[in-house]
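If you scroll down you'll find the structure; I have some questions about it.
We just call them A, B, C and D in the order they show up, numbering each chain from 1.
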């Protein structure tokens, strides 16, 4: 096996293994449930990420391959209309079978067969195969993040408040210094322009003009959020978008998701169980509506996604070393540095931007099933940047565009101000 | 231990054991899910029937008892407002914890403690204790039936169509002869008047006048139901009550629940897997609306609950020997006799009556938590009689009143005609 | 024209005229709106009662008749599936056309043509014609009551609180004496057995056995209802049926419909505008659930419909002289007598019974369109007896069965206790 | 009265008069109904546009003014939280009172009082007053457009299909020539930068960079839309955004709103009644989702709002002479010219852009009640440009930003392609 094949095999097995390692602390029962429609049962993630490789790699490149369980195509398809009908999303938690053990068996079988295919596939189809394998690997990394957030929801909404693990999180004794860093106006290039992997929605790279702006050097903290709450932020419609105010009323939001007031002290549910709020750590599990209202209350605004990306390139910010999945904290943490340079652009929390998730100029979406991957979701969502404590480090880039509806809160979502 | 105590202990342990035996074929995952709001996850049934004994027996009669897991009171309470708040019914399937193993541990602990209490309880409180124990035992038997119907739903709606067991069902080669048996008009007494256990809704026994009527000697069969379907029964509003016709449109009913047409042949999902319809077996999993429409199509009607009960007493019908939970079939079956005497008043399927579930004259509901048991459900439901293939034989009586909303179909519900 | 024809013409014209007189105080705008799905715009009532005569009389008995506006068949059909599709009930208030003037023109045309037909119809078809005319007349009387209750809802829910008229209501200065009148047990005959008009649901007359019971000699009053409220009746689940308690939570019921607390004083919206509660007048606009909860709070119960009807026949109660539509009050009033005889069985408010609306033994519903009239509604409703202040006096009988879902409150519905 | 005051009075009275002229063809009943939640009854528009002047002008600038009907503040407030509670939007059609006549009386009173105020107001407050008067006038012009679209909905969804007027629309005999006009890349300035009136959302003017693009010289026509339909456009998920495809399924969209297929020929409901589709006229009453899907089917895209506005400024396009409210057609029409210059950027139909409705860089929303005017709606909506056949000509500008949710179709909304 040549070096390229070895490299692919190594990455592939590592990612497959990582997904399973994330599930290691779970009981069988935790794999099955779906407390709300946005989340999926962990066993569904295990099955779906395997089905993706089966459907788009094995069925395509392995002539002799016949799916051992054709009905899995119905059960583990997420949203690909071109692949046919599928279990309704909200019914994923209604399925006790296949069992967790059967899903693992299916998963291991797919992994092994792809391992063989990496070795044996003909050189003539290698390029197409390799490209789709990279997509499959990045797709699975996306589901690693979802696994973490979905497991958190499953445990955090259980009245027993079970912990997933017992991590010791770094803390600090005072507020991180705060400033706004200026970036000049001008025409900049954004979007992915390199030779590596990227998703279709990061392209094409293109020019944008931005006015001079300044960006907060750190993330908004829990302490600042408490000030917003104490100032009646959730009770004053003037701070809110109209749809946001409706959501506050309808959902009875009074604090970020997973916060609980116990005898006058605010706590939050983490993957290490219920803990008092760390006022110096970044605020997390807020919706776009809340982020927008907070910025309005502060007399500031959210950055656009272009501004965020330009700040990365002007300041030379890199993802390396942030608080990602690999740290094992699985929670945003206060950082120890005290200087006023730009901090935490990557990791800890996804940062809501003020930009709607729309196609870049001259964006083209491919016409096959994978063309459904990103393009068709380009309405009614807002863009987030920078990855979180649940994102694999190798998965994130400055050009990476994440997107959620403005009322979603179960992801590790936070914010930074601009002006 | 005296004989009465031994007898109670025997019954108590037998019922507790029976519930667990019913779960024996399940995978861990099957215990957790809730595909629709009417059903409960099997582990919830295991926990709830234990909580019932904990709440109403242990906490009351065992001075030193402190619940080891107070939050179970929140998780396993079904609908007792007087006991406090509880997990919303539709969220029961969202809970992965306590695990199945933990629930069994809780359950076994409760069983053991009650076993001790049966031996040790003071004679002065024995009478009250014994009465509540009987209620707890009958309550658990009710949940045995629900366990069977809920397990059936969990498996039958799974795309893999898994079987629970592999039962061989008795069949017959021809239609059971059919007649209508006449009962004279007169004033009869209905309701429970004996010395044994009964539910509050069976009392007081009281007099009713009925006109002369006649009652079909057997249950309506699948073959007859197919005739109704082939005659366009589900497409002709004239047969239906207005609310029933709305349900047909809304739910797209075209056949009983669990029926599937596979290549032109009607099959039904059973606990032994998917099987072709047995045309000589009783029809099952029909709503009141369907039963009423079928009767209207036939130019007949459903019996009132008084008529049904009077027929039992006039004809001397007894529950003994019917097709109950104990037969192990867990499915209604064709019977082998060919004579024209009254058949299957007990067992196989609950029989929809044309009577609304209302209190008997001079019904009194008690003022404590157990007073919520039956009385508060006396609106918008119809009464059913006779028990089913999922009812424990010792649980049923001629005076027993079951009740469901007229659109429910997941119980083993069938019908018999009157005129 | 012979006497029978003259008599029919007289009644027909009188009823048609009465309906229009009820609308006389309305503005054009009041004819059009539908503030909730249960009510219909007044112009729809005017059109529908005309359509009924057009469809079932003119089209059938007048060979040359061609509907001038065939689409009215779509717009003014209420629920007759056999007549074809129709405007959805909840969209009745979305229709500005036909205008009120056009509806009156249509109505007057129908009235005139039927006037001619009464004179000219052949003797050979007279009997059928006459029978259907009587049905049409009683149908229109039913809609007169609905007109009053729907107009009340339209005005009472308008923030301007407009009055329909300015009636002076009789009052009294003290509580009407209160007793319970005993009726012996026995087999009685109920249902309509005379030669006049009745609806199909009042037949056949049949025997019932009732235990001895006693019935309150007057209606429950507003003063008594205030006691229930002050005792926390709406906050204590123990009094309520389970479905009723859900309704209390969902609808936020804290008092009867149309009651408002203004600066600590309870008022109610009447057709004469907003007035302080008259504590000696009968309580009104309560649902079955509220009636049932009140009875439970009092330690009493609601009478069955058989008991109510037997009390009428045993006590020789007649409808004559009650407070009906003709009094012009359009509101239940306190009566002036002080003796302990049975009062107000007829008029003022419909009395909720504890009986579900179900077919009488051997009830037959006819197979034509008119067969849809009553039979198909026999599920999920409760029976009411006695008529109200909005019922035409000639329309009511001791055997008359009205029926509504247990959560409805916009009719003039009240109660009397039994035990 | 000086010239400025005379000019303001002239404009004010003209706009007030124009609104009433639009209602002239209505019956009283047409003023009252609300067939769906998005539209408002015409009498509500008459009242609300008067309330706006009362609330923000009379109450502020006329010291002695006391609202004669304070409850109108509750009934005619649209969405200003800062003004207090209000009638729920979906209940606007439930209100028969105030009557149409009363609303006109209220309206005329407000008009007269403001006429006096224009004359008498002190010079020291004139500037503020004048600014708010202009806002009120433009606000009323917005409601003129809504009046037309809401009246159309009221009439078009009535089974009688009544016409509002009888306009003769210009037609043409062949397809308008079609080309794409190129615009160079570069940094351009967009947003309002003049001295006249504009809404807050058009500011601040700011620079944007756009790549070279080309814009279709005319609007997409009904004939082209028929091709899309005949090619199965509504059945092929590949063309659609995910949310759009959901809307197609849920709403059963098969053609633009108001289209009906009568005996194989497509017709559309217009304000002049039901007419065959004019294949050379611009397509209208399409949602953003449909516009986006059509563009995708064509292999093109929608222009961004910046591109649209830049095209106006580069090509020197002016609103003058388009088909606006003043033409009286109240329907988009085919134009007669045959050259390939840019056509119909203004008038006929609002053009969906591919831009989300978001604040411009450095947008500031004011802190008083009027600050709720535009800013709080900046989520989940798409921007439209150019005005329609229902827009007053003096109301539109190249910088004008209209916005609706992507599934709305009852406005005069169409499209033009870009690439």
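The rule is short, and it goes like this: a contact is a pair of C-beta atoms (placed from the backbone, for glycine too) under 8 Å apart; a residue touches a chain by one contact, two chains touch by 3 or more.
Just so it is clear, the structure is predicted and the values come from calculations on it, not from any experiment.
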Common touching chains of chain B and chain A: none
Longest centre-to-centre distance from chain A, chain (CA-based): C
Per the C-alpha centroid definition, the whole-Å distance linking chain A and chain C comes out as 60
Between chain A and chain D, centroid-to-centroid distance (C-alpha), Å: 38
In chain A, residues with contacts to at least two other chains: none
Touch list for chain A against partner chain B, complex: 27-36, 71, 74-75, 87, 91, 93-100, 154-155, 157-160, 162
Interfacial residue positions of chain A with respect to chain D in the complex: 79, 81-82, 185, 187, 206-211, 213, 237-238, 240-245, 288-289, 292, 301, 304, 354-356, 358-359, 361-362, 367, 371, 376-380, 406
